[in-house]
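Both complexes below contain chain A, partnered by chain B and then by chain C.
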Partner chain A sequence: MSAFRQPSVLPGFGLTFGFTTFFLSAIVLLPLAALVLMSMSMHWKEFLDVVLDPRAIGSYRLSFGASMLAATINLVFGFIIAWTLVRYEFPGRKIIDALIDMPFALPTAVSGIALTTVFAQNGWIGQYLEPFGIKVAYTWIGVTVALTLIGMPFMVRTVQPALEEVQRDLEDAAETLGAGRFYVFRRIILPTVLPAMLTGFTLAFARAVGEYGSVIFISGNLPMKTEITPLLIVIKLEEFNYRGAAALGTVMLAISFVMLLAINLLQTWGRRRVVAVGR
Partner chain B sequence: MSITLDQVTKRYQGVPVVNDASVDIGDGEFFVLLGPSGSGKSTLLRAVAGLTGVDHGRIALHGRDVTHISARDRGVGLVFQNYALFRHMTVADNIEFGLRVRRMRRAERLARRKEMLRLVALEGMDERLPAQLSGGQQQRVAVARALAHKPEVLLLDEPFGALDAKIREELRRTIRQVQRELGITTVLVTHDQEEAFALADRIGVMNLGRLLEIGRPDELYTRPTTRFVATFLGAANLLLARQNRQGVHFSTPGDGSGRSQEVVAVIRPEEIELAPARDQLRSTYLAEGRVDEIVFTGALERMRVRLNDGSTQAVLAHSNGGDTAFLEVTRAQHEQRAFQVTTGQNVAIGVRRVHVLPTPLSSFTACALTAPEVDRLSREPLLVELATRMKTRIATHVEPCLGIDDGPCAATPDAFAGAAVIGAQRDTAKSVRWLLEHGAEEVLVLPQNASSPQRVLIYWDDEASRAATLAVSASLLRHLSAEAVYLDILPDSTPATQRPHGMRALLDARSEAQAVHGLEMRTELRFGDVAGELVRQLTESPDQLLILGVSDAAGLEQRFRALLGTEPRWPLLVVYRAPEPDA
Partner chain C sequence: MATRATKAFLDEHATRPGRDTVMTVLSRAFFIGVSLLFLAALLFAPLATVFAMAIEKGYEAYLRSFSDPDTAAAIRLTLTVAAVVVPLNTLFGICAAWAIAKFEFKGKSFFVTLIDLPLAVSPVISGMVYVLLFGLQGWFGLWLQEEDISIIFALPGIVLATMFVTFPYVARELVPLMQQLGNDEEEAAITLGAGGWMTFFRVTLPKIRWGLVYGIILCNARAMGEFGAVSVVSGHIRGLTNTMPLHIEILYNEYNFVGAFAVASLLTLLAVVTLIIKTLVERTGYKGH
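Up next is the complex of A and B:
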């Protein structure tokens, strides 16, 4: 154990490390292992049938596609919100800052119902979109809207502290060197907050993939069209098809893990460019 | 001129942080802005760089007015205290940043970068990241980056602040070398007077947003004109002294030394001589004292000498502030050998060289009819604030008549050393007149709980009092962050042909204030009855103070009835100089 032991001010490495392993195992790894084991008890053929069922494929596409789209929307607009909150002083700033956390606290079903009400064909916003042929509720757009709402605080809350750390001096220095505003933004600010933006993107994406409550109300749940994978899993559970549910869960697990790993690697690579080895 | 600042003023939420700063900086000059934190020096530097807009005034670089030109088009190089290097870029990219922005070709860029790295002695460091460099090296990169695009002016904002002493000195030398080699006009901001002395061709000392004094380091050290500069640049003892035709002496008032004027004297610690007894001094005798504390610092010996009773009240302040019963003394090796002292020893104190500050407001004397009133007056917040800022003392004086009663009047000609202070009351005019006729030359009238002025109005009634009013105004305003406004008031009946003369008088006054006293002031021309117009101006906005120059004490009551007849609601400083007898 002494091989990877780091000198630290606080004693008790053994205790804390043991606790970390236990906790991770009990809460994260064991259930996941059970999930995989459960799906392993199926035949290959049976497994593939469930997993490659056209209805399942459609749900993957919606789940991961809409999550990716929502996280991307959050990447842009979450950044703008964080920027506004950090850089400007305006009346009501504190209130808006507090509102950001609302999607965290609200039961997701509530936000789902609220969004449906607003975006339904006769809803506050929906009635104005209707004449243009844009339907939000009960389409994939609605799913994206719900997932954007759910992921937004993750983005804002990770980018905010990073933006606060961008020293004004850097921008001033660039300006005296003759750089225009856009140049300063592209060459100085963006590279500095990019790692935080990637983290925010990852969190928002991960949250969106796992989201259930808010989506089922606004999506309409049409098989092949507006049915997300978590819903499909619930449907299987309600049919007492535990193994089918486990198979779908395993696929989600695999895809999520690969995507999160990819983003994390990208981030590590980016960070290594900024913070050099040693001093 | 490389850099011209003309009456530059910057306010934050109405409070001026840079107040009427004017200076001309020559080509290739190394100019140091020196001041304590919060004195507005960094703001002024940022204004020159174009990172901060100004509310008033003009900034020109090489004759080109850049007041409204953005930082990116000003062509200055700026170095920050925390380096402000782009951490995600290599040293090479950092230095080439300004060149890339200007779309310089690759080969030229490379050549320029190599030249810059040689200049700051960092050859071969091109591909390092800032995090791989030490603090001193990072600041060198910052200097190279600031110079790469060949700016006309180099600005340095506390560039050594974050470095330790040894590296600081090394970098200081590099910067001076680079500056000489390129011949680039440089402005450096610092709070460290040693740094200022080591680098500057000229130093501008700032305090409370004002550029107090500008001069060569040795000039400012030996002949400062303000208390602030005297105590901020090097160590100094400030003493109240009396000056007459024979010279300066330090005896207390009322000892029969004849008609003399109270002045503020600066004595540098190294100009003080110690001897076992008075007759063994080779310099002018000052007082007897006892050595209280000795600190050995290698070449020099620093001590604090406590003055014996009777002479303690002369000391106003020294650079270290605090207790004023001491004199700060430093002695070189040969002095230590000639006369060894130990703690607790009694010594005679002599002074080799005294510098008298040309400031007319030496101290304040609170005057009232009864002791409790005097006591209350001497604790007025505005008076205490002024005295603290001016590093001077408030003496008290109970005067049983003050021109109001016909009781016995005990005033001696010397009783009102410095400015006399009275509370605002119904008979203000009478009291002021009485004080002026009994030897006071400045009278400060204070209403109760007056607040610190944001605006100081200056008006003089006649030519005889002009010079003195300007001097007093300059002396007072150095210690306030208020703006100064000179009012000239012409009678309503002034014919149109006479009005240009009024304008000229106004501008003359402004130039004189600037040239003689370094006081920047606005000017306003008004028409109407003098006292009425002054009252109107004072009523217009809160927190104002009026400095009023007069030379006719007897006519005061009559002429300024509107101002002094009722109980004044504004702090008021009357400056009085009797007209020349032959005029």
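Up next is the complex of A and C:
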């Protein structure tokens, strides 16, 4: 039987591993287990009644649909922004590069009320969309806008390092040999950054599905129409319907696990691909 | 990262000065233009709105909104929560990084995934788990009520929920950094007779200090700004359990826009300061993970 850990001259394994395990269990693992246990204590029929309720289905549709749309928008614009930051030099580039992380650092409640104000009917941007009949605030479009902002840094920050890895001499060689711009993009740039783009897409999507703070201000929160799943959980908790909330929470938790798995697989695939391309 | 792009750009122009064809100029304009438009609509306009709305009724109204006792209480509560959560999670992050980076043990990658778990969970769920445990109809609800201990709708619940959400931030920075730096110097120190603590403070800590600063400021920004998780456990009692983000929601829903955006402007400044420190740390050569 091999030992749990390999021998080392360094001290402190027992103390640090013990403290880490204790803290991790107390703060994260046991509370999460309590959530799963509570929904498991429900009869499966009761569980299905909650998670397949029309109002719940409506909330999944909005949460997943808007998250998917937002991640897709970021796939395009995140790439364009990453490309701009890596390939072009222009005044203010460094400041913009630093500001990309703003949605990480900015509290979600702040981005929520700010976006709502900007995209409201009389807001800075909303007033120009109003004549075209486009209502952003208090509709699913607003939800998508908020989720796009939240997901943007994930995409840019994942694609940026991958774009820096693209071998410029390959591009130049291809161009010298008569390849058009689009051909160079499709055959040289895209294969190198594709794993990063998919990882960024998944990260942005995973974050968007669970997002709460920045969405609830701009969404209007109408049942069946503009109500996201996290909000439905909050409503159930406020009604002291703990079991219903736990059931919906378990569904979301399961989805988070699948996303986490997908991200890990994508990253492994990306690494293997880079190694293969490097050869 | 920035310097590399600049250098590549300059090199290219030095060797091939005639490269600015109509197409390259057009595509450059297109990419920069689209990026700036996208960011202007989604990021710059909302940021500017925060300050524009905060001073809409003049500076006096802006400053007066901070003398509101509930706003002052919200600021105090947010600072208190951060003062408890950030040191604890820093201690945890250092311990986790030491155990994971300095030793080889079974199931390590699974252990790392478990630490990252809070990042994958919706903030609403992060708060809800504590309600299910300690809420009135939760597992320990009745017992807590008999003992007259309040966790949910009180400070301990807010601290716990914030801790959950910001749990991985310091560990995430330190683990890859310490793995990359290796064990050679620590092993040399121990072999030469230094104790464990001395090795940590004199050998390891100086090497990881920028990663540590990086992790702490990100942890702090998230701790002060957390909304969803705290919203579920706080109970929204004005002047008592409202943190700054929750207070923004209340003021906003009461159409007190100057008040809401005044508090929001403070949190926006916090985010700006966080990004400035982050950029300064990156200048030392440290790159975030």
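Descriptive notes on the structure:
Here is the rule we go by: the second predicted complex is superposed on the first by the 221 of 279 C-alpha atoms of A that agree within 3 Å, B and C clash if a C-alpha of one lies under 4 Å from a C-alpha of the other, contacts with A are read in each partner's own complex, and residues count from 1 in each chain.
Definition applied: a contact is a pair of C-beta atoms (placed from the backbone, for glycine too) under 8 Å apart; a residue touches a chain by one contact, two chains touch by 3 or more.
Bear in mind the structure is a predicted one, so any value in this text is a computation, not a measurement.
With both complexes placed on chain A, chain A has more residues touched by C than by the other of chain B and chain C.
Residue contacts after overlaying the shared chain place A:134 against neither chain B nor chain C. When the two structures are aligned on the shared chain, A:266 is found in touch with neither chain B nor chain C. In the superposed model, A:254 lies in contact with neither chain B nor chain C.
Once chain A of one complex is fitted onto chain A of the other, the partner contacts of A:52 are absent, as it touches neither chain B nor chain C.
Touch criterion met: A:180 reaches chain B, while chain C stays clear of it. After overlaying the two complexes on the shared chain, residue contacts for A:224 are found with neither chain B nor chain C.
Shared interface residues of chain A (contacting chain B in one complex, chain C in the other): none.
Against chain A, in their complex, chain B makes its touches with residues 46, 49-51, 70-74, 76-78, 80, 82, 84, 86-88, 97-98, 101-102, 128-129, 131-132, 142, 145-146, 149.
Of all residues in chain A, only 4-6, 8-13, 15-17, 19-20, 23-24, 27-29, 31-32, 34-35, 38, 77, 80-81, 83-90, 93-94, 96-99, 101-115, 117-118, 123-125, 145, 148-149, 152, 160-161, 164, 168, 181, 206, 209-213, 217, 230-231, 233-234, 237, 240, 242, 245-246, 249, 252-253, 256-257, 259-260, 264 touch chain C in the complex they form. Within the complex formed with chain A, the chain C residues making contact are 1-2, 4-6, 8-9, 23, 27-28, 31-32, 34-36, 38-39, 41-47, 49-50, 53, 92, 95-96, 98-100, 102-106, 113-118, 120-125, 128-133, 135-139, 160, 163-164, 167, 183, 186-187, 190-191, 195-196, 199-200, 218, 221, 224-228, 231-232, 244-246, 248-249, 252, 257, 260-261, 264, 267-268, 270-272, 274-276, 278-279. Of all residues in chain A, only 167, 169-170, 172-180, 183, 187-188, 191-192, 273-276, 278-279 touch chain B in the complex they form.
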